[in-house]
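Following are the structures in question.
Heads up, the next two complexes both have subunit A, just with different partners, subunit B and then subunit C.
Up next is the complex of A and B:
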C-alpha cells in the first residue's frame, strides 16, 4: 500500500514547501504592490520573507531524512538533479533555485527593516577586512527586492504546484491522479502563507490591525472559498471516477479519516477562519485571540489536507 | 556482500551501472518507429521497421498458468530464499481470487514493463531495462526515495531497509543468462510457471495461441516479460 511508504514525513514536507512558497508570495505581493510601504513597519512582509527560506529548508531536510541510501550516502543526492522525466527532479531544481532567493529576500528585508545590521557588518573590519570593504553603506533595497521578488514569485508558484504534481502524476494511485491536486495545493499554499504571515504575525505585531485591514479579509475569504471548492471538486471527481479513487474519497468524507477532515480541515481550518474574516470585515473589528486561532486553523488545515491526501492513497486493485 | 550481489555483478554487470544500460528503451522504440515510418513513407524497407519492433520485445518470457497455480507459495518461498529477503517482505505476492467454490490464485511480481512508470518517476534514473527485457534497479545510484514503489501499479516493488534502496524481482538474471531458470520457476510444484525465450517452440506456440495475456494491459505499462493464462482460457 502506498501509504506505508510515504507517510507523515512526506506530508509535512509537502506542507512546509507549500507554506514557505505561500509566505514568499504574500510578502512579495505586499512588496511589489507597495502595501509594504504604506506603514512604517509591515510585519507581513518581514514574517513572509523571513520564514519562507527556513520552512522550505526544513521541508527539504525532512525529505532527505526520508531517503534510504541517499541519507546514508549523501553523495548520491546530486544524482537526483539528472532525470528530467521525474517530477521529483523538477522539484529539486525548483527548490534549489528558489531557496537562495528566499534567503536573499529575507536578508534584504531584515536589513531594510533594521539598517543597523549593515552598519554592524561594516564594523566587523577585523574579521574579514577585505570582504567587508565591499559592503556599501547602504543598499538599493527596493530595487533589489523588486528583482528578487519578481523572480522568486515564479519559483514560489513552481514550488507550490510541484508539491501537487509530484502526487498527481502517480497513475497507480487513482485518487492522486487528478489535475485538481496541483491547483488545490497552490491555493492552500497561498492560504497558509496568508494565515502565517498575516493572521498570526501581523496580529501579534500590530495591536490595531483592523486599521490596516483594507480588502485583506476579502482576499483571505476568497482563498478559503476557493480551497473549499477545489476540495469539493477533488472529492466529486474521485467519487465519479469510482473504484479506488472513490474509496479514498469515502475514507476522507465518511470513513476512518472523516473526523480529521470535518473537524480540523473544514471546521477549524475553513469555516471558522471564513466566519472570523467575515465578522472582522463587516464589523471592522479585530480581536487578538480569535485572529490567532483563525491563522492557526488555516495553517493546521494546510498540514492536514496534505496528510489526508497522502494517507488516503489506495493503490490500483489487481 | 551477499550472494545476490556477487551473482549480479558477475553475470549482469550493467545492473551495477558500470557497463551502462543499453536496453531497448521507449526512446529506441520511438526512434525505430520514426525511422520505420520514414522508410515506409518513401516506399520501401518495411522489413527493417518490423525487425526493430521485434528487437524491442523482450527476449525472455515468463508465463503463469493460473489454471495450474495452487497458491502453495513455493515460488514465493524460493524467491525469498534466493534473495535473502526478510520474512515480512517478498518480490512475489500471491493474491487470492474468486469465491470458495471457484478459488484461484494470482501471483504478482514485477511485470518488467516496457513503458515503466517506476523508471519515469525515478529522480536518479536507477531503474533501467536490460537488453534481455528484464527491468533492473541500479543499487549503486538508488537514493531510496520510494517514488518508484508508490508509482508501480502492480505494487511489485519493496523497500530494502538494509540497503536503503528499492528492490524487486530481477528474474534471477544471473541464472537465466547462464542458461538456467529463475528460482520461482524451479520451485513451482504444479509447473504453472513456463519460462523461456520467445523463440522456444513451446513458448512460441503458446504465444501464437493468444492464451497468454498481460495482467491489466489497461494500466498502459506494456508488460514485457510476464504473461498470464487466466482461469478458463
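Up next is the complex of A and C:
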C-alpha cells in the first residue's frame, strides 16, 4: 500500500461520518414529509435513525485513534474545543451537538416502532422512589421527532460539509484545497446514507420497498449524476491547477489508484446503480438482488471516493 | 388507509433488527474496502514518482549535531579557528535550535556536512546566506507576504522581492537584509527581537543612491520623510507631516503635544489624541470646552469654561468672577472674594437675592429692623 498523507483511519472516519449524517437526513426527510406514516412500518426511517449515531460515534473513535498526541496525552483533547479559528474545532462542536440528537432520534424512532420498550421501561422504574419514576405512559413521538429532525438536519448537513471542509482548507495539499470537495462530500453523504438506510437495510427488511416509492429511482439517478459531475469538476480543476494537484488527479485517473477509481467508484458505484435505477424506472420493476447490489455499489463508492481523495494527496514539496 | 407489507425477514424478526443490520453492512463495506484496495492498487499502473515543482528542502536537524559540537562552545571554536579572536562571532546560542527555523537543522540552510569529523569536510559546500544563494527556499513557505506591517504602518516591497525570487530575476535585496539572524534567535513573527528602523535607514544610507537597490526602470525611493515608507491612517498630509506630532522612531504613540494648536494645559496634556479628536483625521472638534465637558451648572455660563475655570487646575479652582457681580456686589468685595461660588450659590447658579440675610443671620444684639448691614459693615 502506498504511504499516505493521512491513512485509512481518516478515510473511514470521513466515510462513516458522512454516511451517518446522510442516513439521518434520509430518515428525517421521510419523517418530516410524512412518508414515514404511509405504511404501518417504515424501515428506512428506523434504519436511518438507528445507524446514524453509532456510525458517527465509531468514526469519531477512529479519529481519536489517529490523533497521536491526543492518544498519548488525552487531556489535550478538550483544548481542541477552544481553538475557534480551526475547522477541526468547528467539526468537534458540530459532532458533539449532533451525536446526542442522533441517539435521541434513534431512541424515539425505536420506541415509536416498538411500543413495548416504553412499557418495559415503565415496568423497570418501579424499583425507583416515586419521585424518580419519570417514564410516562406514552410520548408525543411525532411532535418530538419533528423538533429533533429539524434541528438534526442542520447538524447533519454541517457534519457532511465539514468532512469536506476539513480537507479543503489544507493549503499544503493543492488537490484538497478546492471548494468542490465540501459539496462533493455532502452529495456523497446523502447518496451513501440513502444507499445504506433505503437500498440495503430497509430493502432487506421489506423486499418490495421500491414499489412503495415509484419516484425514488429519479432521486437516486439525480444524486449519482450530481456526484459524477462534481467528481469530474474536482479532477478538471486539479488538472488545470497543475503541479501537485495535477499529479494527484493523474494518480487517480491513470496512475496507481486508477483501477480502484474506474472499477469500484465509477463502474460499481456510479454506472451500475445509475443503469439499474434507469431500467427500473422505465420498466416499473425492481428486482431484489440487483437492487441490493445497486445500494452496495453506492456505499462502496462512498468509501472509495473518500479513500482516493485522502490517499492521493501530494503535499507541496518542501 | 395503511397497507400491510410482506417482510423478507419474516414476522418473527423484530423491527429493530434493521439497525444492527445497517451497522453490520457499513462495517462489511469497510472491511471489503480494506481487502480490495491493495488488489486494485497492485493492478493499477505505477507511473514514475511525481516530479516536485518546487525545490526540495532537506530538513537536517538530525544530521546537524556535529555543527553544535563546535558552534555551541566558545572554547571549541577558539581551538579550531584560524583567528581565535573572532571565534565568538561564530558562536550560536543553543536555544536558537528551538526556534522554527533553527529546528530545521543547520545543514538545511547552510549545507555542509553536519556529520563529518573533520572541520574542512564539515564546511565543504558551505552556504553562508541561503537567502542570497537560494532565495526560493524562503518563498516556498513565505509567500503572500504583507505589503504593510500594521502596527508600524510600514510599507514593505514584499511583492517586488517575491516576484523577483519566484521568476529567478536578479535582485540586490535579500530576505536576510531585513530578517537577518533568522534561525539564530531572531524571531520576526513574535517580535521578541525585531530589527529597528535604524536598520532600514542605515541600509538606504549605505546604498547612497536609489539605483543601489532599484533598477533604472523601477521607481526610486528618496528618504525625504516618514511617509515614504510609512502609510499612516491619517489623511492630513496637506497640512501636517508625521513629525509634527510623532517624535519617536521606536513608537508611534510618543507624541509632541507642543505642536497642538491650542495649549494643552493640566490634565489635557495627559490625554491620548483620540480621546478628544475623531479617529483618524482629527475631525469634529472646535476647541470649545463643551465638545468634551458637560457643564456642572447647566443654564448658567457659556460654552467657554475658561471664563471662570482654570484649565491648568482642577474644576474647583475657579478664578474670580467679580466682574460679573459689579452691579450688585461692588461694595461688598472684601472677604467675599475668599468665598467659593458654592458658598453663596448653594442652590444653583440662578439669580439669588442679594440681601445680606440670604447668607448671614442677624446677630442677637442687633435690632431686627437693621437689615442693611452695609451701612455699618
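Convention: the second predicted complex is superposed on the first by the 303 of 318 C-alpha atoms of A that agree within 3 Å, B and C clash if a C-alpha of one lies under 4 Å from a C-alpha of the other, contacts with A are read in each partner's own complex, and residues count from 1 in each chain.
Keep in mind that, in the parts below, a residue touches a chain if its C-beta (ideal position, glycine included) is under 8 Å from a C-beta of that chain, and two chains touch if they have at least 3 such contacts.
Only a predicted model underlies this, so the values are computations on that prediction, with no experimental measurement involved.
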Side-by-side fit of subunit B and subunit C on subunit A, or clash: clash
First, second, both or neither for A:6, with subunit B first and subunit C second: first
Touching partner for A:102 - first (subunit B), second (subunit C), both, neither: neither
Partner chain(s) touched by A:156 [first = subunit B, second = subunit C, both, neither]: neither
First (subunit B), second (subunit C), both or neither touched by A:76: first
Partner touching more residues of subunit A, whether subunit B or subunit C: C
Touching partner for A:88 - first (subunit B), second (subunit C), both, neither: first
Contacts of A:23 with subunit B and subunit C, given as first, second, both or neither: second
Among 26-34, 98-106, 260-268 or 296-304 on subunit C, the segment whose C-alpha atoms clash with subunit B after superposition: 98-106
Contacts on subunit A seen with subunit B and repeated with subunit C across the two complexes: 1-2, 316, 318
Of subunit A, residues touching subunit C in the complex: 1-2, 8, 12, 15-16, 19, 23, 38-41, 43, 46-47, 50-51, 54-55, 106, 110, 113-114, 196-197, 200-208, 212, 242-244, 247, 250-251, 254-260, 263-264, 288, 296, 299-300, 303-304, 307, 314, 316-318
For the subunit B and subunit A complex, residues of the former touching the latter: 95, 106, 108, 117, 119-125, 139, 141-147, 149-155, 159-161, 163-165, 215-216, 219-220
Residue ranges of subunit A touching subunit B (in the complex, touch as defined): 1-2, 5-6, 63, 66-72, 76-77, 79-80, 82-83, 85-89, 92, 169-173, 313, 315-316, 318
Touching residues (chain side subunit C, partner subunit A) in the complex: 2-9, 13-19, 21-23, 25-26, 29-30, 32-34, 36-38, 40-41, 43-47, 50, 52-57, 59, 140-141
